[in-house]
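Report on the following structure.
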Amino acid sequence: MTHNYAAILQDISDAIHQTDFTDARKVDYIPALASVPDDHFAMVLRTADGNELAIGEADLPFSIQSISKVFALVLAQRAHGDDLWKAVRREPSGSAFNSLIQLEQEHGIPRNPFINAGAIRVADLIASRYANPDRSVAEFLGQLCGNPGIRVDNDVYLSEDQHGDRNRAIAYLMKSFGKLDNPVEDVVRAYFKQCSVAMTAREMARAAFFLANKGVGIDDRTVIAPGETSRINALMLTCGMYDGVGDFAFTVGIPAKSGVGGGIIGVIPGEFSVCVWSPRLDARGNSAAGIKALEMLIRAIGRSVF
Amino acid sequence: MTHNYAAILQDISDAIHQTDFTDARKVDYIPALASVPDDHFAMVLRTADGNELAIGEADLPFSIQSISKVFALVLAQRAHGDDLWKAVRREPSGSAFNSLIQLEQEHGIPRNPFINAGAIRVADLIASRYANPDRSVAEFLGQLCGNPGIRVDNDVYLSEDQHGDRNRAIAYLMKSFGKLDNPVEDVVRAYFKQCSVAMTAREMARAAFFLANKGVGIDDRTVIAPGETSRINALMLTCGMYDGVGDFAFTVGIPAKSGVGGGIIGVIPGEFSVCVWSPRLDARGNSAAGIKALEMLIRAIGRSVF
Amino acid sequence: MTHNYAAILQDISDAIHQTDFTDARKVDYIPALASVPDDHFAMVLRTADGNELAIGEADLPFSIQSISKVFALVLAQRAHGDDLWKAVRREPSGSAFNSLIQLEQEHGIPRNPFINAGAIRVADLIASRYANPDRSVAEFLGQLCGNPGIRVDNDVYLSEDQHGDRNRAIAYLMKSFGKLDNPVEDVVRAYFKQCSVAMTAREMARAAFFLANKGVGIDDRTVIAPGETSRINALMLTCGMYDGVGDFAFTVGIPAKSGVGGGIIGVIPGEFSVCVWSPRLDARGNSAAGIKALEMLIRAIGRSVF
Amino acid sequence: MTHNYAAILQDISDAIHQTDFTDARKVDYIPALASVPDDHFAMVLRTADGNELAIGEADLPFSIQSISKVFALVLAQRAHGDDLWKAVRREPSGSAFNSLIQLEQEHGIPRNPFINAGAIRVADLIASRYANPDRSVAEFLGQLCGNPGIRVDNDVYLSEDQHGDRNRAIAYLMKSFGKLDNPVEDVVRAYFKQCSVAMTAREMARAAFFLANKGVGIDDRTVIAPGETSRINALMLTCGMYDGVGDFAFTVGIPAKSGVGGGIIGVIPGEFSVCVWSPRLDARGNSAAGIKALEMLIRAIGRSVF
């Protein structure tokens, strides 16, 4: 371990707790998330040589939301191989994550697997191959982080379902183009469930570890081949941070994926995986404290992937 | 030098010459480029420890076109610092490089400095600060590659000027939003001139070297600070390959910038800069043989930035 | 009766039967409509002074499809008055009748009641006020044309329902903006049913008569006030012919509404109502023979509303 | 004369002067128009049987702006016949009058002759056939209204020219698609000049008279054939009132064309032409008092074209 990560995390935590994030707001369309205290902050870093460093509420579960899209993608890629890329493209969208405009102009083929349309299509591909699509992403995350108890938070799921009309519109639009294989309600249910998985920052840093470790997980088993790992990382860098991908690459410069529950996972391949969590979101839907923490981390160690 | 780059380049060159690129076409709107033989291919790699390896027509000048945008950006950043980013954003555009739609919707502020609107705005910022904006990019490239004879190709410039109405429309649209400081004709002339610079693949690999070398050029002088170098690399990765950024990051995975003259520059920070040139373009305007050559290089050495 | 309408209709019918419409195609997404013979043609004109002239298959029922939108609008206006226009605008859309792009950009408020989004919202408004929304448009049409036996064609309805995912996407998108009051499935069912009503050209000319007769129907009862009748006519002229409103106003120049079943109703206020039917459609979804017939009619009588 | 138009105009004028239009604003991008008093109001009506009724500042010149587009269209149609409609379409645009988005998507072919792109293309067609394109619209208007002294207001023209970058962007975009025949600067100069013509409401009602009189002008000479007159009227109804065409057809219901100088011309074919002028504009760029006056007129006489 070349850096004193423990000291770095402590500095970051101190700085975050002294910063005013009152302009940033928790996601408001999921009532079940409203009760999370605003100022919670957790950061967990797992180095390629096996050390794990944590600070803050590292063992408190949060709603992983869109972070689940990375792991659903890996599941779909395992089942479908490169045929997956006939169903979903891999270009930045340049527009809001839940927009139907681009989807209509491009005849129902999503730009990438991390916008909602793409993630719904990935859930559809999973539903075609896995026995219990409502649970498969949760179970996969359980294996990756070494906690078979990972579950869908049912209150969050019910909120998602109730506020899910935009996602149903997206799914029906794909269906109308002949680009969805399973019934819309089955697909969106599986999608809402994967978004509603609850995990801790520690579990998340562990689950994402294979992306920093050439495809090998915390249990030394291969999740995907090294080449495929690089490709997932490339996708996170170009498409993982909603409408803020360019700014995040510019100011932080590592592959990362955020969720509106306030979590962000990131990696420097060969170095570490990291999960940061704090519920208040900036205008683009990314954790405000999370982005600041990752910026500080990158500056402290003096390197990014660039 | 950990890899036998000479052997790798030879393998790549052999493979390229055995591949059928007849579906790919040279750019057709610049008559002055029509006379370049279709099957020319050059690749030059300059390692961080100072070795230079070349194959093919490495000393034949070609039209650098949009590759110039990287160097114009560096010039503008030197003069304006971070104020530059008030004038141009740094997000992938998600649409064609010469589109006016997004520019109108976003009130004349370009998405990033590598789409035409952004590059025209950068040329405008250069015109506000440099004495001879028509020559400043060419002179800067001459310094970087160690050849003060770098010049604008006047035939190419005249072609650009004659076919430049789309770019004039973009410039007038920005002007109408109050987002262009200098007269439209002055700005587009400087822009057409920078695109018309002629350089060899060898000169290009040298000029781009500082991006792989923490901001230090081939003459050991600092071009920009290491942190700013990372940021330019991030921009190339998220915005450098026209509508193919996502696919290129996915399949190759290095910061790169292409031009419709058939050149591509790329870097792996800390390892090498590379320039590949072959005039036939794929449907997105990137050199078809160039992309294949970079893919082979990345596969041969077993690493990208991801 | 100032014109010899009988002779005019005969001339039109002769000309239509001598014209080659093989480039025009019947609607293909509703299998139940595939069995209608291609060369059927009917035209029925009902003058303000009470004469009725018919030619061709005037007593053969066809699927009224989007023509139903005019009558649904009248029903909704009766129940909601001018509050209706808080829910739906009345501007030409400038884009395809089933597009979601504009609907998303305008936050779920449809441009006008004749694009699908607007008609679905009108069906929603009807569902909020009428006891049997699945039947109310059919029953209203039965009253207007004097045939209480007007029914929904169930085969057509089932086809609509099966191919209705685009309309469901539209409805869910409005729902996600909080712009739909009733459950999506209830609304789209009522909408599909109103589109699936079967009527003859004679019945249609009678049902539309009040639009030519200051709001008074064939039974001398007032349907809506004269001022409201003018407004419905204005809407038909600016929004009634899919993407061909401008061309139709330019070349024919009367308020009209078409359906993909091949029917078109039209009026010259104070003069006559007309229904023409022929199943082959031009590229914009309007009956090819129907438009030609109306053009000939307008030329023969030497007047339009302009 | 079936109506007491003099009394009607007096009632309208009284009502207008008692209405608060302080929310409506004069156009602000043409400084030369800023000195016009806010509360000026004029209305001139010329009946088919030759009577002329005027109220208010009927003999004070104002800037005709986009009203000129109707007359330029007639000139172009005279020179090019129906070939004109290969260059310009005739569909409502559904978007802002000066937008480039639709123009780019539709490859440089304007939606209709009354949006700026279409009017610029019409000016281009005029420039190809008339000897003095900078003056031809003004001279034509002089003939039509019987005042050969009609001129371009040079101060307004200079303002237009200075604030004309958006129109230059539109012209260059068409040029880049090969859809403009003459040099951009020549075309926009002619276009700015036609918009800068100054006329009184009385002159305007006279100039527009042929549109209400089957193509025959105030001097009993035929301007265009009756059929072509109907077509111009149809275009005004579907495209003449910027983004408010649908609302205007719905609430007023006559062919009309507005300009940002506060003028509106309208006709009921066979009945009268009318010009109303008042400089304050509503949010869509139409004269606020002008629209209210036309609504009152239509209500008072109990008829529109619908």
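Going by the order they are written in, the chains are A, B, C and D; count residues from 1 in each one.
The rule is short, and it goes like this: a residue touches a chain if its C-beta (ideal position, glycine included) is under 8 Å from a C-beta of that chain, and two chains touch if they have at least 3 such contacts.
Keep in mind that this is a model prediction, so the values were computed, not measured.
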Along touching chains only, what is the step distance from subunit B to subunit C? 2
When you check each chain against subunit A and subunit C, which touch both of them? none
Regarding the subunit A and subunit B pair, does the interface count as same (over half of residue numbers shared) or different (under half shared)? same
A student comparing C-D to B-D should find more C-beta pairs in contact for C-D
What is the chain whose Cα centre is as far as it gets from that of subunit C? B
Geometric centre distance via CA averages, subunit D-subunit A, whole Å: 55
Between subunit C and subunit D, the Cα-mean centres are separated in Å by 32
State, to the nearest whole Å, the distance from the C-alpha centre of subunit B to the C-alpha centre of subunit D. 48
Give me the residue numbers in subunit D that touch at least two other chains, ranges are fine. none
Between which chains does touch occur? A-B, A-C, B-D, C-D
Considering the complex alone, what residue numbers of subunit B touch subunit A? 89-95, 102, 111-112, 229-231, 233-235, 237-239, 243-247, 249-251, 253, 255, 269, 304-306
Residue ranges of subunit D touching subunit B (in the complex, touch as defined): 99-101, 104-105, 165-166, 168-173, 175-176, 184
